[in-house]
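Given below, in the form of structure tokens, are the structures.
Common to both upcoming complexes is chain A, partnered first by chain B, then by chain C.
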Partner chain A sequence: MSNTVTYFTGFRGADLLFLAEAAWGTLKLSALSIAVGTALGVGLGWMLAELRATRPILVPLLDVFRSVPLIIQLVLFFNFVPMIGLGLSPFAAGCVVLSAYAAALVAQVARAGIESVGRPLRRAARSLGMSYGQAMRHVVLPMGLRTVFPAWVGIVLGVMKDSSLVSVLGYVELLRASQILITRTQEALFVLGVAGAFYFLLSWPVSWWAARHEKRWQQ
Partner chain B sequence: MNSNFHWRPVLRALPDLIQAAFVTLEVAALSMLIGVVLGLALAMARDFTAPAAAPARWLAVAWVALARNTPALFQLYFFGFGLGAWGINMSPLAIVLAGLSFNNAGYLAETFRGGFRAVPAAQMRAALSLGMTRMQAMTRIVVPQVLRAVWHPLTNQMVWAVLMSSLGMLVGLHELAGETQAQASRTFRIFEYFAVAAVIYYVVVKLLVLGARLMAWRLFRGWSPA
Partner chain C sequence: MIQIENLHKKFGALEVLRGIDLAVNKGEVLSIIGASGSGKSTLLYCINGLEPISEGRVLVDGVDVHARGTDLNRLRQRLGMVFQQWNSFPHLTVLENVALAPRIVRGLPRAKAEEVARRQLEHVGLGDKLAQYPAALSGGQQQRLAIARALAMEPEYMLFDEATSALDPELVGEVLDTMRMLAAEGMTMICVTHEMGFAREVSDRVAFFHQGRIEEIGRPEEMFGKPRSPKLKRFLAKVL
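This part shows the complex of A and B:
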């Protein structure tokens, strides 16, 4: 073995593993954010649709998340947390911001879903003796879900792509990993191609699954 | 809260930030302009049926799929680092413009396809039967209706373009986010600077949406609501 240090080495098999691991990071980050964001967003959407008094506060508040670039939100939150004496890892901070962002988007969609089920239909459900909760669960939920499902899938894919921005906080997700590899291998086009393929691998199953569901529901 | 805010340096930098906000607007508007032209071309190419036009169709399909299924930052990196492998080195402004235009075109292609579908073919035939030329029918009957159908998504895309242009920060462009970062790294008042930037972004986006609404009201008045 020679003692010379090589700074640049070609793309190796292990690098593929490194990218796969980073893709797993992207998946974890987005899945967690989407889960939390959807739960929160449905609650908020229900408030928007059913408790009209909350609208003057909630609508402008949720609007902020869609009117300020995500990258600014991430930097702001990541720098705010230490100010109140807390410490959050880039992953956790990214999760919080992405969840809030997803919740703001889901809230509008959930509200549209609830409102898409007409009042007469819901009155009919209530007059059949269903409780409010039953009418929500058995009438509004299944019907509203079908209307807004494509929009929700759009949010899921959007959040997954936007999770790439958490790289600015230092979390090594797919895009950041590809940056690291580009610096070492100097094979930008190839590494980006692999990273792009991973993004496709992550988003394509979701699109496919969603399209299949939509078709089945239309029948 | 045992942290003191220092707003003075931010206020002193405010003129620079507002100047940078105009760069943001210019980049977004320019990328939208290119995006609209390319998006229209892609939308038409996707509906080509002639076998000879198959390569154009495939290019359009691939473009739209890539633009919609990969992160915008990935697309920016592709134009920034990826093309460097072919010896094409672009300035930060060119990278952001190329990336944003690529992204806008991909999304707008789908928007335009939907818009053209929203106008029934019978409208064209009816216009022709009234003695209009094809050009007249297009500019007076079809395009105004398409415009109305795509107005809202077009506005949304413009807002996105403004938000996406903040990625310029990561490739060294001094638009609003990039300028903010440059200023913030001078004083390390990161939170204060980015808070002000967030406010400016919010105002810019709100003004854009308001402007689009006013224009829509002026353009489409007298039309029955879609």
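This part shows the complex of A and C:
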């Protein structure tokens, strides 16, 4: 045995830690992208709903982000950035692309939410002396949010899973970490099973939190 | 005092109001009757500036509602409005529905706003529903909630846009009773209504709208007792 080289070793406890660290990477990437994407998306959705003149420009633009596969957007953006003389880490590039993608999805959902609050309710709010902004903030947005909340949660869970595509840029998140471990251990099913469990652990609290909110709002 | 001078309102080619002249004094209750589409509701929307006008003037306590520099948000605090669809805010409790505008528009601290809200809700008989959500209320209760919400801004005038038209018949009474109570308290009210009994009994004056004009206006006994215009006679024959 002395002249054999060991290429493959089994799955060890330390590998679990490695995956947990990678899961933390996935969480950071997703949370940041969802936060930025939601803030941006609500702004864009407001423009779509309230400033109709922006539609001819915004709608095709958002459609590009929504319809070009994310993996292509990631590779293109990551390779385009150095061409204009900027350096971005895989994490930063992934955040930018995922945020834009999330914003494009959220924009249409936010638009639908705002439009779901009809003119009579807005007029009732305005008749009380509320300004446009006050009626938006205290009546239209909270009511619209309740309507489209499940759709938004769907986006959150989707972006969380889609963040795995950032692995193509070399960022070590959950999927990338699993691939590294699979190469070493040759135990694809087991490692993917563990990675899948980690994804579930990340998503499940979101679903649980969402369900609780919806229940509370139903009364 | 609300003064309306030569008011015209067009929606595209359709002229809904065709020259309205009307003055409503403080403390007066004016009912506006007439067929659907005669411009009654539009007039209310023009009074608080929710609809722009095409021609003429509307003055509320001397303030020109449609003048360029008018602060409509400020003006609307003096003009409470109750709609046909009660429009409660479904995401807020009954108490929050009423306390919201006093808090964010009048700038009252939360505790004070809720005190005002509680008082108004008790006034309209909803003192036991404070923590409920509007969905748990009947139509009549939601409409009384809408009245309390408007009153919480302590308006000088109340505009009622067919406040009972969307209600089941057995719920109309409680809302009309609330409106009667306000009238008895001396609130200045303009009520667009299909409730002829209410118009006759509560109003100081009744205006009959026909195709965007005031066809006849006068004291309720005259309007219902001996109407002059043939159009009013025909209208009354149909609805009474």
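Just so we're on the same page, the second predicted complex is superposed on the first by the 214 of 219 C-alpha atoms of A that agree within 3 Å, B and C clash if a C-alpha of one lies under 4 Å from a C-alpha of the other, contacts with A are read in each partner's own complex, and residues count from 1 in each chain.
Here is the rule we go by: a residue touches a chain if its C-beta (ideal position, glycine included) is under 8 Å from a C-beta of that chain, and two chains touch if they have at least 3 such contacts.
Note that this is a predicted model, so its numbers are computed, not measured.
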| item | value |
| --- | --- |
| Clash-or-fit label for the pair chain B, chain C on chain A | fit |
| Partner chain(s) touched by A:201 [first = chain B, second = chain C, both, neither] | neither |
| Partner chain in contact with A:35 - chain B first, chain C second, else both or neither | neither |
| Which of chain B and chain C A:131 touches, first, second, both or neither | second |
| Superposed model, chain A: greater residue contact from chain B or chain C | B |
| First, second, both or neither for A:123, with chain B first and chain C second | second |
| First (chain B), second (chain C), both or neither touched by A:51 | neither |
| Touching partner for A:164 - first (chain B), second (chain C), both, neither | first |
| Centroid geometry (CA): angle chain B/chain A/chain C, rounded to a multiple of 10 degrees | 100 |
| Which of chain B and chain C A:59 touches, first, second, both or neither | neither |
| Partner chain(s) touched by A:17 [first = chain B, second = chain C, both, neither] | neither |
| CA minimum distance (chain B, chain C), superposed complexes, angstrom | 25 |
| Chain C-contacting residues of chain A that also contact chain B | none |
| Of all residues in chain A, those that touch chain B in their complex | 64, 67-73, 75-76, 79-80, 83-85, 157, 161-162, 164-165, 167-168, 175, 178-179, 182, 187-190, 192, 195-196, 199-200, 203-204, 207 |
| Touch list for chain B against partner chain A, complex | 1-3, 66, 69-74, 77-78, 81-86, 159, 163-164, 166-167, 169-170, 177, 180, 190-191, 194-195, 197-198, 201-202, 205-206 |
| Residues of chain A that touch chain C when the two form their complex | 120-121, 123-131, 134, 138-139, 142-143, 146, 217, 219 |
| Chain A contact footprint on chain C (complex, rising order) | 48, 50, 73-74, 76-77, 79-81, 83, 85, 87, 89-91, 100-101, 104-106, 133, 135-136, 146, 149-150, 153 |
